[in-house]
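Below you will find the structure I want to go over with you.
Should a chain be cited, it is by its letter among A, B and C, assigned in written order, with residues numbered from 1 in that chain.
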Amino acid sequence: MSFLEIRDLTFSYTEDKPAIDNINLDINRGEWIAILGPNGSGKSTLAKAIIGLLDPDNGTIFVDDMELSEKTVAKIRQKIGIIFQNPDNQFVGCTVRDDIAFGMENMNLSREEMLKRIDYFAEKTGVSDLLDNAPSSLSGGQKQRVAIAGILAMKTEMIIFDEATSMLDPFARKDLMDYIRILHDEGITIVMITHDIEEAMWANRMVVMNDGKIIREGKKEEILKDSDIFAKAFLELPAAMAIADKLGDDTAEKAVKDFLWELNSDM
Amino acid sequence: MKGIVIGQYVPGTGFFYKLDPRTKIAAVVILMVAVFLLKNIPQLLIALALSIVLLLVGRISIGKVLNGLKPLLVLMVFTFFFQVLFNTEGNIVWQTDFYFSLSSMLALAALTVLWRLLVPHVKFRFLLFLVYLVGAFALLHYIPSWYRFATWQFVIYSKGLEMSAFVIIRLLIIITFSTVLTLTTRPTDLTQGLEKIMRPMKFIGINSDEFALIISISLRFIPTIFDEATKIMAAQASRGADFAQGKLKNKVKQIVSLLVPMFIIAFKRSEDLADAMESRNFVPGQPRTRIYELSFRKADAVAAMFIVICLAGSIVLRILT
Amino acid sequence: MGIEFRHVSYNYAKMNTGFFQALHDISMDISDKGEFICLVGQTGSGKSTLVQHMNALIFPSEGQVVIEGNVITSKRNKKTDYNSLRKHVGLVFQFPEYQLFEETVEKDIMFGPLNFKVPAKEAAASAKEALRQVGLDESYLERSPLNLSGGEKKRVSIAGILALDPDVLVLDEPTSGLDPAGKRHLMELFSEIRENTGKTIVLITHDMDLVYQYASRVLVLNSGELVFDGTPDALFRRKDLSENHLDYPGVVKILKAVKEKFGLSEMDVYKKTPDEAAREIKRVMSS
């Protein structure tokens, strides 16, 4: 059984149109999924529904064999964490230490256990030196790291990144992406919601959404070859693919084409 | 506004830094009551002297406390005049006449203009203000009158002086105490202290845990909001909203152009925060453990004794006098 | 007339460490005759501080800034109407959608001109024109600016500055938060404005691809110093890009990788679009 199973999920904010419409999706442990689509395609709504922030009109969500319901939501929120777009608007504590502790305090962990986990995960996310700092002295990238530390401290197994890099400058963005790769290597399942195709390239599987529906889903290579999908979802091919697309298939050019296909987005 | 400092807290060492925030909060409240029980000026002056001694013992910088007084200087002058003008009990301490005439009004206008012109060039504006006041009164008394239309008999009674001294000295003591509180207590600790002290209020239906959390989150966002306000002001200034000048009608629109965006940001922020907090399993009203624990130490016992002695002392003094 | 910077430095007081020098000895000229300038540099290098000198929101601590013939120094000059300078140099901040506050789009765009005492009728006409310039039709005029999509809000707020008809348009990361289509649309818009009206555009950006495709001139800031003032082509041929915390445009990086991998010594890596790059690869491969 997959770690996360979504069946026939539908949710509407307003009467006329559903924000997410009949979503069916499976996510396996250890995967790195990118959910792509233009603004308004329902990506964030899907993320919120997965952790029970929204009450769906229809459909079910299973996390680790548990059906999402009022009884199981607390457990599920421990297994799945979410990092939002605005680094400030998810930072609750007066200091870094306070913020990392927040989730654990809600779970009523003992003081000793919390302090232990704070030190451990602050070290892992590289914010040990900042534990007594106030958020106003931190950069956007640092705040996102603190948010990750807070989630890891709850012994999370999957992290959803909802456009978590869009408010960061390119260097902070790359920094965060590098760290997310480390997280993935250590076994955390990654779901990356983005409209940046270069970021989506880090994933092994892509899900393309538009208008509340999943219009295409599959391995990265398949999706990229489907130029129709890109137009439908208002996405642009990454530069390397765009160049490769224009090359012919005679041996010389094909070699370059294949090389371009292998180029990772972390150049 | 970056860094660890939020509000007035300045990291340091000294007796007051060792105290539990609950002790400090209780001290401010109880000592204020003790001060209000005192009935005459000599007693108040002793209390003031004691507070200054406390500051020295606790190694608190007097400069920082004086800074806390600055905003209230004008209030104190106002209080002085208010008491002096309207209190007519006791003996006459001083009496003089002020003459309102064409000549004295013109002279007063000229002095006011001179004062405003000097303001940008002078460092101690409050001192200049006092000089202005003295000069104004001198003018009203000494300028030979052409076309006098009113005379005002200005009388200062002893009770008036007494009352104003009373109010002012109390103000000084209270500000001293509260400045020491905010100077030596981290905002997180302050809110936790308040939260613990307010526990009993659960019986009236006020959840002190939630209240403290709300306060703590609000404090955390003060520097952020300050930065955002600065940015919005700059953006609107770039569209010609000159916040420094302008007629009243325009000023209203300018303030609206600042407030509406701030409110919109605040609403979005509260939505986002609610989502973030809920996703980390926050449930309002449910019990939560804490990483910080407040505990009383020797220093708190010493402070408690001192507070009790002060309170007892002032009750005794009140009964005796 | 434009904007001149003469040995401008800017310091501000910092909490515990005395003061911080945000800008150091900056000298340069910006004409109002149709330049497309990109201002780049790491976060914290002083870009925002620099552009706020351009419309007299900030005064230099040392040196002079000359805007439309008005000399601005650290001392406030009673005779200078600093506010009116903001009509000539329009500054759009990052996330400008936060400045929207009026009941209707029309009223919000008119806010600027009305502040500069433009008569209401004229201001309304400017608002209509500005809206058209950003690619939105008249039906938007009566709508509430707060009910629009993110991209629409951005465009309305840019219209709010365009309505002032400034000679120089300064924008701080106008494309941040937009998806690729939105970015492209906005950049084309600025390009058009420059072509049609001859205004100078100054753009702060981190996107080297945009810099290469649109800029006629690049200014590079590093720790408050102006370390480069020239064309994008000259910039990307330098060897010290990473010291200045800059990167190459995506297409150039890809071509460099291809050149190295396949040993194509005669490849010209300085191409601006995937089309040009593909053509260059074909050219080199066929010989």
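In the analysis below, a contact is a pair of C-beta atoms (placed from the backbone, for glycine too) under 8 Å apart; a residue touches a chain by one contact, two chains touch by 3 or more.
As the structure is a computational prediction, the values presented were derived from the model and not from experiment.
Name the most central chain, where centre means the mean of Cα atoms.
Most central by this criterion: C.
By raw count of C-beta pairs in contact, what's the busiest chain pair here?
Ranked by contacting C-beta pairs, first place goes to A-B.
Based only on mean CA positions, could you tell me how far chain A sits from chain B in angstrom?
Distance between chain centres: 47 Å.
How many angstrom between the C-alpha centroids of chain C and chain B?
The answer is 44 Å.
Averaging only over C-alpha atoms, locate the centres of chain A and chain C and give their separation in whole Å.
One centre to the other, that is 31 Å.
Would you pick out the residues of chain B that each touch at least 2 other chains?
Residues 2-3, 5 of chain B touch two or more partner chains.
Would you pull the chain B residues touching chain A in the complex into a rising list?
1-6, 186-188, 216-217, 219-221, 223-224, 227, 268-269, 272-273, 275-283, 286-291, 293
Per the contact definition, I'd like the list of chain A residues that touch chain B in the complex.
Going through chain A, the ones touching chain B are 48, 51, 53, 74, 77-78, 81-82, 84, 86, 88-95, 97-98, 101-111, 114-115, 118, 132-137, 150-151, 154.
Which residues of chain C touch chain B in their complex?
15-16, 52, 55, 57, 83, 86-87, 90-93, 96, 98-101, 111-113, 115-116, 146, 160-161, 164
Which chain A residues qualify as touching chain C in the complex?
Residue positions touching the partner: 38-40, 139, 166-167, 169-172, 195-197, 234-236, 239-240, 242-243, 245-248, 252-253, 255-256, 259-260, 263, 267.
Hey, which residues of chain C end up touching chain A in the complex?
Within the complex, chain C touches chain A at residues 42-43, 149-151, 176-177, 179-181, 206-207, 209, 245, 247, 250-251, 253-254, 257-258, 261-262, 274-275, 277-279, 281-282, 285-286.
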